[in-house]
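Structures for review follow.
Each of the two complexes below includes subunit A, the first together with subunit B, the second together with subunit C.
Entry: the complex of A and B
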């Protein structure tokens, strides 16, 4: 009786605790909403929001919906996202089944390679694909010289969807393989005993069990594909195919007149659409748990013997990895070391370090590497600390608004990167106190942190659940405040999860470009924006050099992180995160 | 005592600095014809420290210019942002309206965007001391000066094309294409006039010179299948790879830096029946925070050493008194085809007429079946 009172009293937060919790919640709320306000506001304005004379109007929406080009863009985006999702899910699930449930030779290497696109910027992958599969690509030329016809057209909606399918297949792969690793082999055994062959077992038992994982990852892919900028920018714009993000990019950056109203109206419509999808995903996840409970036991699943087919499967897997990932990356590396690539000349005769020299000698290009690194290194650290605090306020405090905080923290999943950039840019223009952040890497860091709160949240929260609440309770009983409990008990216990989250944020910030294209200026450029800048000049050599540098930096960092994480059970989990572009 | 000595030295230094200025010529490193009070601009630039230029040129093009400029004015940090032909203006409008730091100087090609810029009163009047050393067409109004005059030329693949098939004029290329349909089928490339301001201007001025005859030539080429690209870099890559064999109206600013590496494969030449020449304009902006530094840069670009330096970076100098000295010079390039076959872009009033622009673009798209 007495103790219960003490515990209750102790668990009530002190004033200082409330201030900190309130500050974390308020900061999260501001970070997510402040960039959205000017977009909503602008969408009803007759002139750019910085102009002194402007009136409220609905005409932006009317004009947008009457705009033939916008309708084409929507249709293209829908087609692209649908076919990308279909391809990604099919590729991902085949790879997951082969690499997790069967005895395909070389499974461990393949698993690593298959997920590697997640660590790379889609911009890099898109450039790499053009080197191999583009109209002047290695393989395209080889094929043409043998058959005399153009074998495929990468610069088309179909080509873009294939690249999208490959880039996003790791989502499905990770979800499906996670689900497969957990599923109870007894169910499959039962099917085999009942007389079903391996293929029938796969089709009737394994695949249906994967349904929630596929639905969830499929939606994730769809959202990511609907908002991706790099793929339409690199493969679509040269031939005039625009998707949603590249359309905004064109309206806002390339076009003859800046259509602020149209940009805002299009952004608002896209936000509504994605919010609906996210809500749907939320519901599906809720339903998904029903399937997961089937598998309480974690028994090491027995591998399905494929017999001789396993060699066919292995060849298929390696062929896929070679074509989709290894060759393009080798190609872009080759391009970065040669003056130009032409079948009429031996590339070894034109090897050069000029592209790298250009990057390092020109201050703006070199600085973009430094800026990316700084934002990833320091911004990532600040970001993950902040995100861990959000998680703790959300799940380990009695802060009255902790439920809404979770929704706010996860909402950036519905905001396309390019809209994050526009929103921050405009809020720097609109709100007087924020003007100083404009064109600074601090402004960029804020945008990156906002965009990836769901990442940090997802990286830390599973570990938070794993810490028994008795720990906090014990601390509180002996009189510790909430802050002390967090500082002395929870954060130390979460060390590994936080470090894993930091690694993830570092890699993500290093490759981020979509939210930066509207925000960067001289002095605050990042690797992604410099690549786009060079690419628009048609300067493919330096673009590849920068792409290679980005991949190398990422690999170095992952290598270091892996060394630090050795012996630690926490792995970098991508499953828990929202859309990646 | 020490103070007094230092004061004395200070006065002496001031006199030494002022003397040549008041005497007229000879500010160190500058030509003698610069006005006496030019030193004041230089002095004022010291407080500015930084110069921001929005241009459409790459770091490669800028490098030699920035190196020379730094020697003259070591206290100035020049930042160049490489953007699209329209983007340089749009970005400036948005930033200047909100009071943010923006470009002190803009360099772009788009003639229509320049006219709008003038109409909005955003370009600052400036009389450069170099003014009388440049041709009259290189200056527009009291605000815009030309950086360079870059020819839009032929390129071709020497290995994929027999020498007698190398293009010399558009009319001859049209004939070659008709006589050798197999060789040229889908293997021509040029600028996309719809998406690229430069591409639009090239076609506009070329047709302005040739009229219906010009359209017929373009139609013949279009029938063979032309790949319209959004940058000269991609056209060159396409020709180097053999995907295309001939590119027409390709900007030399991208072609020149490919040499000598690409020499064994890549050929280039002026277009005998009319080589479009882009006039790359520059102006100091109304919202400039470093107007003096911008003046120094403008004068330097027009100066002999500035012209030579930009030519080193791949642009084509036009200032008459550096002909033969600059690596690429319009006069030298014009020798093979004659000055009258240069089609230098002008500030055509018709370009501001939206209806005329759209009609032209519609015909261009119809011609190329786009």
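Entry: the complex of A and C
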């Protein structure tokens, strides 16, 4: 008798657990697949998917592949992605070795500056670069006035690749420096003892050990470069060079509804290509390691002394940081406060607040700041909570579909931002119940969350692995259900990681633009879309003002987050506990 | 009375049998140890009892409560089993104080606050942890953490206590003390307990009965003395303590439990056995280094062997030598230092004759030096 009762009770408790696990998994699945269905569907339709009269056809693909322009776009994208990757990996690995393994003066400051592009929208960086290096840029004009020739052409495939290399170098830098910090210094010592000099040690021992990190970050860069919108939009469109995302943007925004079939077919081909790359990346890393982002032991004691070369290296590093990051940001800040920025004019004579006034007086522009902040603040919070739950279902439950859930959750890495936007827009058009989300910031929030599930997953899962499974087992044994264990044990233990993930999502959502360009409407503008709108009107002053506001908001948020994180971590010393044994 | 019955337990991980047909019974108030090298399936068996792992086959019952029946797909969730468990890492929740750690299980059982206080006071005084209620785990020493983990497992008065290598994170001295009071506590509370360890000394000292496991199977079951003195096979003989093994064939069966073995080297040895052998059957004779006696040189009686000391180790409590003899090198323990030519006596009552089918070298952790 007693047995039967207890079995029943336990089954009921288990059922509630299952319902929550199932809901998290189903929501993830829907969020990722619903936007992809209309794209796949549309790619085989003869007319826009909301038209009553339409037939199934392959003509979209045929038309696309016969299209000379598309072929050029593919070639350009491939060229751009390859050269960007090569540049980013070289810059990243040199910086990582110099700043992590050698005694270059000012390494700590440099390390912070080198990774700073990560916190900024590529849109902002692209605008900033045009201010300094564009055809009418500050340095370009200065150089031209002295030498009489055009020193460089930013508005070219080469110019775009250089900007891409700088923007994505932090990926390689982070993976390489993480790998360097984790590797055993004894292997280098052994090479020195065996008779190799410092440079030979770097070349023959340090660098080969970095190969996995370089390969992985290289692929990451390639995928990001293949899908980036801002760089070709800002640097390529003025001279008619198109890459994949800017091509879709043109088809969608300029071409309008007539091109739905082409857009869909191009998207499907791109998705297939990126899915292959992601699968390759998985293969390279394999196992659970792919979830482990960059974590490192605390700085190692002994560094490679460079002798006098260290001053050369320091000058090189500072020159790079100054030219690639600091100068463009100063430039865009200066432009936002001046009526006209030129090397031939004293900027103090043309100082103005007009650009900021324009932003705040124009309700649509001001609203875009508020919308961005709301999505980042509330959407980021909801997002990270949801992503933490996905991680826990995937790694800390006996949910039968937990393995497939991991793949679904990580799949958005293969979906370019612009395709996320198109997919959500079309699913709002196609599925009757979803129409209400169209043109709302809720719809945008959903798209942002979907696009960045892998970010939250990556931010939380290393910490999940660091909590010993005996922690949850202990709770289950003393009588807690899975939900109670998650609520009382796992989430509290993860709060540092969750907060760090929230910070990451906040910054990411604040700067997100690519998935919004197709989704926003009057009332649901975000900072990125407003910047693009203003830029299309040729208003570079207000664009700069908005860019500055975005960077300032980001820095403020990071400053606050750092304070809070320190507060959280001093309360509990997690590192003493729960280490996987 | 309420005894724990495990029947035909099988568990596969990725096609590998971690537990392969394990059956045993734990009587009420008894302390049983699952002993074996790492990967022998002892922890998996414990987790199956706790409900943390679901076996592919087998039944687990406690009294008249069915905990697991793989065929009927009945798996009581861990939270419904009312067991207490102490983990190797202690798994104290770092964000909760000692009091909150202990109260957690009581709150899950909807016990009123006043009763929670009373019970926690009781268990803390039992484990000499008074005054530690408001400490966080990281403010405790290893030994204190270990006792808090035990308190957390006992405070809600579970029907069974499961211990998964609970002493392995303590240093050697503390571990010996902990053995004593753990055994005393278990006997005072008369709680049914299952203890998992790879440390044979711990198993012998702590348990009423020992279950020796290897590669997912039970190799021996019995009281610590039975297991140590009359190991049923070479694996157990070698894993618990250490052993010399000599191969041979049965030459003659003498009186009860005594037989003569013709070793492969030609020498004749008298040994004991609890099982029946037929003449000519291949066997292995096991003898522990401590049981071999060193004698003055030149004796040539029954079970006497001449030898020459090859190398020696000083163990503190004794000396261990490797002695080259006509039947091969033997490990011998002696209280006094010796060297050069010696004579060894292998007492027949300690020469355990085992079936040669077991001679397959023991796999896994094979201790080379006696404790």
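To be clear about the criterion, the second predicted complex is superposed on the first by the 533 of 581 C-alpha atoms of A that agree within 3 Å, B and C clash if a C-alpha of one lies under 4 Å from a C-alpha of the other, contacts with A are read in each partner's own complex, and residues count from 1 in each chain.
Here, a contact is a pair of C-beta atoms (placed from the backbone, for glycine too) under 8 Å apart; a residue touches a chain by one contact, two chains touch by 3 or more.
The structure presented is a predicted model; accordingly, all values stated were derived computationally and were not measured.
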Which superposed partner A:538 touches (first subunit B, second subunit C, both, neither): first
Chain touching more of subunit A, residue-wise (subunit B, subunit C): B
Which of subunit B and subunit C A:315 touches, first, second, both or neither: neither
First (subunit B), second (subunit C), both or neither touched by A:522: first
Which of subunit B and subunit C A:552 touches, first, second, both or neither: neither
Which of subunit B and subunit C A:365 touches, first, second, both or neither: first
Subunit B versus subunit C as contact partner of A:240, first or second or both or neither: first
Which of subunit B and subunit C A:141 touches, first, second, both or neither: first
First (subunit B), second (subunit C), both or neither touched by A:343: first
Where subunit A meets both subunit C and subunit B, residue numbers: none
Residues of subunit B defined as touching subunit A within the complex: 52, 58-60, 63, 79-84, 86-87, 90-91, 93-94, 97-101, 112-113, 157, 159-160, 192, 194-195, 197, 227, 229-238, 240-243, 254, 258, 261-262, 264-265, 370
Contact footprint of subunit A on subunit C as seen in their complex: 50-52, 64-66, 74, 76-85, 87-95, 104-105, 108-109, 136-138, 152-153, 156, 162
Footprint of subunit B on subunit A - complex, ascending: 48, 50-51, 135-136, 141, 237-238, 240, 253-258, 339-345, 350, 352, 358, 361-362, 364-365, 429, 435, 438-439, 521-523, 533-534, 536-540
Contact footprint of subunit C on subunit A as seen in their complex: 2-3, 6-7, 9-11, 13-14, 468, 470-471, 473-481, 484, 488-489, 492-493, 572-574, 576-579, 581
